[in-house]
Amino acid sequence: MSYKKIIEEVYERVKNQEDTGRLATYIPELANVKAASFGVHVSTIKKEDFGFGDHLEKFSIQSISKVLTLSLAYTILGEDIWKRVDVEPSGTPFNSLLQLEADNGIPRNPFINAGAIVVADILMSNLKNPKEDFLQFVRSISNNSSINYNEKVAASEKSVGFRNIALCNFIKSFGNIHNNAEEVLDFYFNVCSLEMNCKELSDLFLFLANGGKNIQTGKQIVTKRQAKRLNAIMQTCGFYDEAGEFSFRVGLPGKSGVGGGIIAVHPDEFAIAVWSPRLNKKGNSYKGFSFLEEFTTVSKSSIF
Amino acid sequence: MSYKKIIEEVYERVKNQEDTGRLATYIPELANVKAASFGVHVSTIKKEDFGFGDHLEKFSIQSISKVLTLSLAYTILGEDIWKRVDVEPSGTPFNSLLQLEADNGIPRNPFINAGAIVVADILMSNLKNPKEDFLQFVRSISNNSSINYNEKVAASEKSVGFRNIALCNFIKSFGNIHNNAEEVLDFYFNVCSLEMNCKELSDLFLFLANGGKNIQTGKQIVTKRQAKRLNAIMQTCGFYDEAGEFSFRVGLPGKSGVGGGIIAVHPDEFAIAVWSPRLNKKGNSYKGFSFLEEFTTVSKSSIF
Amino acid sequence: MSYKKIIEEVYERVKNQEDTGRLATYIPELANVKAASFGVHVSTIKKEDFGFGDHLEKFSIQSISKVLTLSLAYTILGEDIWKRVDVEPSGTPFNSLLQLEADNGIPRNPFINAGAIVVADILMSNLKNPKEDFLQFVRSISNNSSINYNEKVAASEKSVGFRNIALCNFIKSFGNIHNNAEEVLDFYFNVCSLEMNCKELSDLFLFLANGGKNIQTGKQIVTKRQAKRLNAIMQTCGFYDEAGEFSFRVGLPGKSGVGGGIIAVHPDEFAIAVWSPRLNKKGNSYKGFSFLEEFTTVSKSSIF
Amino acid sequence: MSYKKIIEEVYERVKNQEDTGRLATYIPELANVKAASFGVHVSTIKKEDFGFGDHLEKFSIQSISKVLTLSLAYTILGEDIWKRVDVEPSGTPFNSLLQLEADNGIPRNPFINAGAIVVADILMSNLKNPKEDFLQFVRSISNNSSINYNEKVAASEKSVGFRNIALCNFIKSFGNIHNNAEEVLDFYFNVCSLEMNCKELSDLFLFLANGGKNIQTGKQIVTKRQAKRLNAIMQTCGFYDEAGEFSFRVGLPGKSGVGGGIIAVHPDEFAIAVWSPRLNKKGNSYKGFSFLEEFTTVSKSSIF
């Protein structure tokens, strides 16, 4: 059975399941989204491309952007980046503060907030116009110049971002933030507010299924080795305190965001984006997770 | 280039590298091993099979046995097993006690000591003669009736196993150990003392590269889905506080033991066993880790 | 107004208050006590002595015994004892495991279980017949040869003491328990089972109000400096995670036990024992705490 | 022997001891102080008053100010203040973050930074001109209108106060900071920068030895009960992770600051201020601690 057929069938099945998840409400602006939205889109390295449901509606990719800032910072610093942030899975946010103390301000991995803030700080030090340059990087990977920040979401997150201010200053007290904390966070909140639809998102991440190379332009975004390593980090650290569960049930490297999006990558095959804004208790899209579990089961596309 | 050729070359290169690791000394009996030992063996699902160096010398597989007890318990309880133990990566041992408290005695995963002790308790409740029955299970997977416990090592570990006694009783205080703590630990220490050489070890684990099926007898040891899930847990939790690093640098599901062994599995391709008893600071074989990193790099056999 | 008058009045007032506490149930044998019991007894250094309510009924002093084992061990090791256990207040039991790890097996203070187990280990190493010799010490301080262990309570506690087994073995893994863990705990559980009535308890602790000297025999039990220091530790560490609250509301050095007893000492004035078995959420006697707060308020006998 | 005589003798003895402490360097401006300074001053409720050494030289009282902000906030909110901050001793700063999480943003006590920041927030909400009004309060207790902030020290602390920014925003994320975080911290840093000499400091704290009453004006600053409770909190929480040790070795309620000052209070007798800027490993004045230990030993003035 083709991926398209399988996806269509699984999409219909999961669409009709009861959704016990809840909208993220901590960022006021995010609470305005249509809760029942559900879309999925696949892009394959054979340049196939198809989607179902609300796959052309834009949403806030939130933490999924952490893979993109890391990718850009990785191309700039190379392996030196791991002096500033580690690659180990972390427990809960609660532990991450504890671990920052134990690890002298070196975050456990780049996909918890602490780590992504350090990565944002690295970009601040290395980009002339961080917001513009990063946006340019994202657009160039995706061959899509319409991708943009949502300033309202960024402002909304900033207005309640006390815990991120705490994290950033805590890390700065260890010397692992080099720029002004307020400016780092301003950049960080903007990056989180990036908006895309499922099609744009799966197109964008296809380079990680394709050995780091843009499938349209042939341009090497990150090296092949870097692509593998980015996938490995997604596998072990992509879903907060549910990384093991995702690995166990879905079996693909991936990354979620509190906007309800999930991106997953099957090396040498495809990138798949799902969006459904109601979140399970661990903060990952309830239907997105269900869909991916069933999809990899039926299609036998777990990497394990 | 064939796996054999690559392995031979990488083996020679790593053999001559300086080894900054140190022998595990906390189990007195383990300190008697020849520190410079270094062996590697591959078994493929095409029934190829070759090794280099000390690949026919027996060693104590220690925590690698945790995958085997889990496999057997998984076949007995099915998915119910996850009510007793979770599948999330854990931080350091230091955190694992903290997390047991926070998680009411449910260990984070079956590959930390706390989790493996719960798995041992499950087997105690379900096997008539736990030690004999488990040994029988291992022998049957490996088609090798010479595999055995090393009673001296078991006794040695027991004589200094205060922290494991602490863990077991701590979990029992939450009600998640059902049998007598002393008997559970006696079984646990025996299991850890299993002795094999690299060839036996890679032969043994080949079922996890082969969809759960014994390649000689065709017998389904665990279901295909269970095999995938066991691999997923090895990927996220197989190397203590270095699981992310192993995933990142090697890119294969695997499991290490303080005896200096590492097993890694490439689904649908091969199982590879390495043994070199000097350990890095995180408790994983120094040369074993180096070898596997270089091997997957040269052979392009990372799953990512 | 005399102490006697005040105590009588406060006793009556508190007796009639609603008691929102609950019996300790974790030691099966302790759950058999009459829940409504309430007694109080004062012994002054002027050799006055009076009690009200159930002050002549025996109860299990439990953790109050920790002051007595510490006193004896202090006389044996002198200030060297602080190499084995610290004198800092601890947070919850939950933290105490964490802190044992951070502090390499040195308990925060002698009044948390971890610390009292280390003190028991010290006595094991220094007494010929630990149980008999310690009982002899207690009897000699109290001029009362009828004081005894309750073997049933000791056995009951032992049968469910998994967390104490965990603690003892955890500390042993750091080298701070020198004797066999099982024997140390056997002694520890016996000590906790000591039975007394309020009169015996206040008589017993009078030496700490009297500069360390037995008021009947004139014998110096601990030095004056040691007495002051024992009082200081009771002040900062005597009430688990409620030490600050007790200090704040009552203002006397003291120690509680889950049997519902509390002893408090006013240096140079008196020792007062209260017993009421229903415990508040932090594990301290609900009415005992209320009584002492009101008593020190009315009698203006806070040391602050 | 009179207090004066004892203090003079102990002062001379401690003055000549080797000082293994080190200047606090984390606030750049504090590093400029003369390291060998050593002064002591006593004020008794009999209106005696004498000092030795550098007792008339001003220094930054730093955390000692936490007792003063708490006193003022206590008079405003009464016992309601304990809804915002607890009275339990805390472990290390490391734990305090952990505990904030566990306790939903309620700091363990008002003398750790987290707690003092909440107290500052309370004053911000209740004072018209926080800086001026608080200064007025301090001057009125001490009958001394020359006491002032040191703006340079405040600015210096602010320039490196990342961890306090982290704490304040972390607490704000739980809803327990009501004002703008930056403004709360601006006030907090000013309060910490209060400058006094030992005479001014012991005069100032005499109200806590005198049942809450200003000894010159007879004005009741805090109620008698509040004075007792403030002393009790100093006893259990006044010395960071060395509160137990201070209680144990000195036996008086007190509070230290990283400027090298210590105030201690003997209820109904005296207040004593010591200043010597070299700090021990726990952040308390090395010679200040030694002096007080020897002083209470020789003068038998421990409250225990």
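Some notes on this structure:
Labels for the chains are A, B, C and D, by order of writing; each one numbers its residues from 1.
By definition in this document, a residue touches a chain if its C-beta (ideal position, glycine included) is under 8 Å from a C-beta of that chain, and two chains touch if they have at least 3 such contacts.
Because the structure is predicted, anything quoted here is derived from the model rather than measured.
Among the remaining chains, not one touches chain A and also chain B. Between the CA-based centres of chain A and chain C the separation comes to 55 Å, rounded to the whole angstrom. Distance from the chain C centre to the chain D centre is 32 Å, each centre being the mean of its Cα atoms.
Each chain gets a centre from the mean of its Cα atoms; for chain A and chain D, those two points are 47 Å apart.
With touch defined as above, chain D holds no residue shared between interfaces to two or more other chains. With chains as nodes and touching pairs as edges, the resulting graph is a single ring in which every chain has exactly two contacts. Going by the touch rule set out above, the chain pairs that meet are A-B, A-D, B-C, C-D.
Per the touch definition, chain B reaches chain C in the complex via residues 94, 97-98, 101, 162-163, 165-170, 172-173, 181. Residue ranges of chain A in contact with chain B, taken from their complex: 86-91, 95, 99, 108-109, 225, 227-229, 231-233, 235-237, 241-245, 247-249, 251, 253, 267, 297, 302-304.
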